[in-house]
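Labels run A, B, C and D following the written order; every chain starts at residue 1.
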């Protein structure tokens, strides 16, 4: 199991007229933490794409406990474990200080970017993921 | 039970470098269909907010079957039934022609916009929802 | 000179906590009208890209006169004239009813999508643009 | 004259199918640097809003020199000088390393958030801006 996190300052752009962060933006926050998760295992998503492998999302779920607001300094934490399958679940939590605001997960499938078909992660990535 | 739908042409803005609609945008598509759903019962979300009642999302789930692409003409269909509670689930499906691309739901809680506390829908909205 | 327009209903997603449409979103609105402009000349942007030609924006300017708001039904009007050069200016205006809310322009350069280098529009597009 | 900057890692969300950061997103990047600019003078935008004063954008201009891409670590630099008027211009530049990718400016008007009318900055903000 591996965990990584990223800090994020909420811009005005992310708010809506209720004064809260608009609910779709949390999926972007989740992505930010996933990017750091992959960087932390020494194999960025960008490098994976350069090898012709993508990880599109096939399922996402989000529970909204408390609203984030403009100028909040958030911490987004991603956790992942891999069972050697062609799918990967990443759990994400969004905190403001100690307070858990939002949590959820995304499920991803390894995809051959040329064919658009499911694939297995390449050897190097498999090794990195297995070593976790 | 009530159903409403809206057509939507995918702009370049919604795509990502994989050539697909970025996964967070579907939550905005869901919102577009919810807005039409409320308009169709004769009580828009804007009117409800003017009465001091909001419907923030407390849970969302999305299943991504096939990617939408730039310039696709999508149809987003929202369906809702209400059991007189303080929560409301709205199911959404995104179609390209006959093809189901994405489906999911959102769960909403009626909220007093001044206090930020849960509330019940007002009489008029209750009547409209009950009549469905 | 050619003109095309598109209607657009403002979702909650586009608002910010000031209760206005967030200022970056108008550039997406401009894009929506450009897409219809190209469709109206019988050569969509998607078809142009399929031929390996893109039209990235190299300059944009926007004047914000009055704010658009949630649930507004906007009309975005794009106007374009082409002088046979490798650049193209498209002027856009955003209306709510008769009221002009926002106006601006974008300047685009024809680009070979494989090389990333400036290029000229192909023969068919040249003919279509010249016929205007 | 005052300058502040912020680092920003480009997420997949910001890209489009051309593989570049979609052109509207730079206005959000500009905002991120403006937020840090105000924080650096000891008077955040959030604090200003709490006093009932807003700074909506009335004009924006952007020149796109080179595209930013996914996973780029950008530096956005904002510079501002104030002539005691009711308007404020902020110049922004987006860098990747030493490379200038995008530059532009926004012009803002001090606005009374209750009345929606132009106003003057309050005493404390005037003092802070004058001290620059």
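Here, a residue touches a chain if its C-beta (ideal position, glycine included) is under 8 Å from a C-beta of that chain, and two chains touch if they have at least 3 such contacts.
It should be emphasised that the depicted structure is a prediction, and the values quoted were computed from it without experimental measurement.
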Most remote chain, CA-based centroid, reference being chain D: B
Chain pair showing more contacts of the two, B-C and C-D: C-D
Chain B and chain C, separation of their C-alpha mean positions in angstrom: 27
Mean-CA-position distance for chain D and chain C (Å): 24
Touching two or more other chains - residue numbers and ranges from chain A: 12-13, 18, 24, 28, 31, 70
In the complex, chain D residues that touch chain B: 12-13, 15-19, 22, 24, 70
Footprint of chain B on chain C - complex, ascending: 6, 9, 11-13, 28, 31-32, 35, 44-46, 70-71
Complex contact set, residues of chain A against chain B: 18, 20, 23-25, 27-28, 31, 54, 56-64, 67, 106, 113
